[in-house]
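Structures incoming, each one as structure tokens.
Look at the two complexes coming up: chain A is in both, with chain B in one and chain C in the other.
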Partner chain A sequence: MNAPAQSIRPHGPSAISLGSRFGAMLRRHTIGALILLLLAFVAGIEVARPGTVTPIWISNILLFAAPLGILAAGQTLVMLAGGIDLSVASVATASAYLMATHSSQGGSAAVLWGLGVGLLVGAVNGLGIAVLRVQPLVMTLGTGLMTEGTLIVYSQKLMASAPRVPSFIQSLGSGKVLGGVPIDLFAWIPLGFLVLIGLPRTGLGRLIYAVGDNREACELAGVRVWQVLFADYIMCGLFAAVAGLVIVGGTNAADMSLADVYLLPSVAAAIIGGTSIFGGRGGYAGSVVGALILTVLNSLLTLLDAPEPIRQILYGAIILLLAAAYTRLTD
Partner chain B sequence: MTSANPPHDAGRAGLGRFAQRHPGLVGMPLFLLLFLAVTVAIHPSYSSFDAQSLAMGAMPLALAAAAQTVVVISGGIDLSVGSMIAVTNVLAAATMEHANFGQAVLLSVLVLAIGAAMGAANGLIVVYSRVPDVVVTLTTGFIWSGVALLILEKPGGGAPDRFLSLGAGTFATPWISGALILLIASVAIIWIPVQRSRLGLLLYAIGSDKAAAFRSGVNVERTRFLAYVLGGLFSAVGGIGLIMTTGIGSPLAGVYYTLSGLAAAVLGGVSLSGGRGGMVGPVVAAYVLTLIPTDLIFLNIDPNFGQVIQGTLIVLVVMAGGLVALLRARKR
Partner chain C sequence: MSAPEILLAVNGLAKRFGAVVALRDASLELRAGEVQALMGANGAGKSTLVKILTGVFGADGGEITIRGRACRFRSPAEARDAGLVSVYQDPALVPDLTVAQNLRLARAPLDAARQWLTELGIADPDVGAFVRDLPFQTLRLIDLARALASDPSILLIDEITASLPADLSARIFAIVRHWRERGRGVIFISHRMAEVSVLCDRATVLRDGVTVGATETARGSEERIVELMLGYEVARAAADTAPTPGQPYGDAVPALEVNHLRAGRLLQDVSFALHPGEVLGIAALDGQGQEELFDCIAGVRDRDGGEIHSHGALRRFRHPADAIRAGIVLVPANRLQAMLPQRSIRENVALPSYGPLSRWGPIAMRRERGRVENAIRRLQVDTRAESELRRLSGGNQQKVMIARWLASAFKILLCFDPTRGIDIGTKRQIYALLRELAAAGSAVLLFTSELPEIRLACDRVIVLFGGRVVREMSAAEADEATLLRAAHGLVARREDAA
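Now for the complex of A and B:
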């Protein structure tokens, strides 16, 4: 064991510093590294403003992280298959808006309208990407534009009734029960477990990894790749629709740019969480921690009391640093 | 490279062959002519004024498409084009407001340099961080749009009238507007020397096969970097074009130009897998995309349908391309 190990290390054993050993440990337990980073951010907030980190603060972080976590679930699913979905923000907005304008028809009908948008756009994305082999980036960019444009026309011409957010959606997006447990966790946790357990344990989940790793090999092995991808984009659309409902429950106002700010974080949460955009590598656990890190980061930047543009610049710069550090660490 | 091309087919008509080799040079211009014919048919009083506003509306978008095209040809993607246009646009608007014509021209040189510097930052981060270019430019786009808001909080600023008339004025006849001439001149001045030089060849080479280019001794990283610099430079011309045609700085212009510019590049025959496409197709496609909402107004249809049609057009064009490939594969 020792001799061959030395022969591939030109500098000999003495060159292994504590740092590189730590690095090697992080490489093996990336989730651990991410959680450490999350705790470091939380500690940073507590140091900057002592007394900030309270049970209420933690419950608020979870409340705000849930919609991002749900969006990131869809994004992780398509990224694992080697794709990306740039239409998630438009789908979330459209879902929220259609739900709100159909709320007079009753709660379940309204929710079905919202989820229907996710299903429809997801199916169109799936059709183009899975069957016609269009690049995911262009396809979802196009469907995002279509969704947004249709929504604008709809809001001006065809709207069923004025948008109103039903009270149960409001409590879904902003309510808390049992002395501080955010209600949206009851949407996030079951969906999250479904993805977390489904990805490694179900046939579809493993095929998503396999297709992302090597599409040609899957085809040669007899996998119906188009069915895997089609299902993948439909799931992503549905997750985006659910996230839209949670977001509008939090803001209590359905407007045309409701979920725009979530597009970058949905991709960033998955990337920071270690999911490769080229497919086949990563998992949802990382994205969950990624979503929490981004939410804590947002809270940290809010505490800084800096003007909005400065916050935006810092947020972007830190995302880039984290993504770069992660890529260095794992490559 | 040449061995991949099929041998000369003497029986085929010259034009058909030309069209097959350069789809961007034939397809899109024909499409534009068709669109213009339709426009004149539904709006018989189409005048030089309409032509001028078309040229003014299309110019920043055409430059956004040009910026995207350079990067996509090299096998990358730049989702920060719109934000770079916004930054250069508000920078020009904020600094030129009280300047005279000569100062404004000097300032626009500075703005061009800053555009190229932003592109260089994109390129450096893409090359050295090894983070995928989609993620990098999505994030830098977010950062640049913060910078744009920092320079100008809300639409405002301005530029001296004589400077604005370079884009808004007309030249020789009222049909030829300054915007059209500036567009053609700037694209030609930047792109033709690049395309004719070694760099142009290298851009196409790394776009079509990075590994093969690397093995042939191409400095892939340097070429990718230069592609992003050119993208930033084109974006800066777009930002200056935007102030020339609208008269003010708009910090929130970003999103529209990123998405529609990429759409124009794709519609103009630039392959997102890199290495294929030219500059004429995307620039002409930008005119088509600008003409759609105008036609809708002429037809008394809500111009908001324009975005739906743009999105549908992209989706249909790329899906049709996929369908053709699928059918061809079946036949074999």
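Now for the complex of A and C:
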């Protein structure tokens, strides 16, 4: 529809300010910008404490980032559809605990118990949000509390078999092979690739974005939106359950507040990575870098021996800054 | 005759959004006591120009002078203080506040606004009513009254008559003329050629962000304006969309048969048959049950009574997915309902193909790309801003909504006012496409609020009034006057007595 002959007319004040050109570049390469930020943090650590950044340090960062990365995968999936899942920490804890208390039944049965929790809570979330149309925030807050409470009741009834973390879960959560490659990467990388490739290249992935962008439009286009949301929350629950197994493998003790510290970072990793909390925009690649940034940040604050309140203030400030930057870039 | 004072001069205005150039070189001159039309195809840059003039966007280049003084507005408030106020296509009112609160929000003098509302025919306006409870037409009038209340020296009106009945339009025109008599200026954006030639003194035409000409708007200048808007070749080609004569259908099984359909408060009793290869027009004033009719057939809502048959089988749709599986697809009136604003053209077009559970798996990317490109090429969608649909112009968004169904298979296309607020060139393209689809064997049901357009696209028309069919006629009989009379229920003869 262009008139090509006259469209090429140079105009005097077409010089665009350097700022907006930089903005346009960032808009096109948000992941690149995030990676630069990550590298800046790593450089900051090396400057603050020279000699810290070694292959072992990098391997440890990856080891610690994996459970957060897996949780953030589920969180990203539901956030893209315009939701949020606040039950992921409780699900991860419950998954770890049930796995540990059923370890006497054999490794795979124990793991299935753990994943079963994720499936169940995910399905309940999906039912409430997709079919009964409860607000995701309210629904998952409720199911998270219920999961936690049920777990306490369960642990009190349980006298006989004390929770025991099987050795293969321990090595999953803390082991390394091939001279320093964390074993938990073997869980994170395949799952991560599945999400990374599945979101843009499968029908379900497209629908997750579409539902988050405009639910009514999806209905009009013949999409049964409840099916998409139901599947979405189940996937999130399963990712949380896997993350719980990795976490308990690292701590080797299934206590009742095992995964609590991961809840807000799982949301933060997605937001830092550019996933909109209103849905429809973002992706998992950003969340992966977001999870790495948060892990490195944690490591930096630990190195600096920062007290907990300072840590929280910095954490919050960085998330706010990045969220504000995104809003400016994308609107 | 001394030259009248130049109220507003715009020179070489430029604006880009990322990679998309919205305005390249827009110029305009508004004299005191002049009503000037601003015209152009969708995406030509009219709205961008208005938004720069009223301080919503900053310009990248060019200059604005008001009464010879250079101005640069950083906010709508600054523009208002300089005497420029606009009425937008969609009323800029907060739904959860009352009318009075909205007026206060815009710092419009309440008494003056109330007076203007009375002038506009809302006797005894209830300014305590919540905006969300008021009909769309009233909101437009309130928005206009808000603008008038601040007594601007330059009034910008963007597409205000697009969905207003004739009597209200007439009142608005009276006010516009009043503004002219007081030696002020009005910039009037409209796609309705008839309005422009009656109301405006001159027209400035934009194409692809460049002012391509200004012309007097005496009667007979329409073709000249269309040519300016589209460029010569496109205008010639678009004029060749004469409807084919209607064919007799005899006993052939209709694609769609509706019997005594009833739904909600408005749709009382509607029956008709639609055949493959036919474009059936529906003409009606606002709120005669046409929304409910389309929603029932498309599976958006369930009917309260009556039957819908398609291709000989009785249907009951509980979800749009059911209708789509039966080959019935809907292009709704409001494209915001149907589009994914943050997603790409490609994802918008391909959306319906992922509805069924069996299509949740991996996407055949190359095949999808082929199908999508085919559809958007057929509709000549401007793809400069393809990565987010919200960055496209309204007309191009609407084309994408139609392309979505071209890319999947359908037998019956329901189009609800697909050309509302769309420029004349795009309109002709859409109507030509509907004819083409019908010629290829599809059945098309078309509601349009623009009565003169019925003859361009349809074989046959039914007129709804009070939720019932009051008149059926061939396209040849369906001139604007006849349709308008029937649509107002002013029809005496009706063949069947039932």
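Everything that follows uses one rule, which is that the second predicted complex is superposed on the first by the 310 of 331 C-alpha atoms of A that agree within 3 Å, B and C clash if a C-alpha of one lies under 4 Å from a C-alpha of the other, contacts with A are read in each partner's own complex, and residues count from 1 in each chain.
The rule is short, and it goes like this: a contact is a pair of C-beta atoms (placed from the backbone, for glycine too) under 8 Å apart; a residue touches a chain by one contact, two chains touch by 3 or more.
Just so it is clear, the structure is predicted and the values come from calculations on it, not from any experiment.
For chain A, the partner with contacts to more residues, out of chain B and chain C, is B.
When the shared chain is aligned, chain C comes close enough to touch A:221, but chain B does not.
When the shared chain is aligned, no partner comes close enough to touch A:190: not chain B, not chain C. In the superposition on chain A, A:55 contacts neither chain B nor chain C. Of the two partner chains, chain B is the only one touched by A:145; chain C is not. In the superposed model, A:281 makes contact with chain C only, not with chain B.
With both structures placed on the common chain, the touch criterion links A:324 to chain B but leaves chain C unconnected.
Of the two partner chains placed by superposition, only chain B is touched by A:308; chain C is not.
In the superposition on chain A, contact is made by A:213 with chain C only, not with chain B.
Put simply, chain A uses no single residue to touch chain B in one complex and chain C in the other. Those residues of chain A lying in contact with chain B across their complex are 84, 124, 127-128, 131-135, 137-139, 141-150, 152-153, 156-157, 260, 263-264, 267-268, 271, 277-278, 307-313, 315-317, 319-320, 323-324, 327-328, 331.
Remark: chain B residues 77, 125, 129-132, 134-136, 138-140, 142-143, 145-150, 255, 259, 262-263, 266, 272-273, 302, 304-312, 314-315, 318-319, 321-323, 325-326 touch chain A in the complex.
The touching residues of chain C, counted against chain A in their complex, run 12, 14, 16, 18-19, 24-25, 41, 43, 60-62, 207-208, 210, 231, 298, 300, 319-321, 323-325, 330, 332, 337-343, 347, 350-357, 359-363, 365, 380, 382, 404. Against chain C, in their complex, chain A makes its touches with residues 1-3, 6-7, 9, 11-14, 16, 24, 27, 201-204, 206-207, 209-210, 213-214, 216-224, 227, 231, 276, 280-281.
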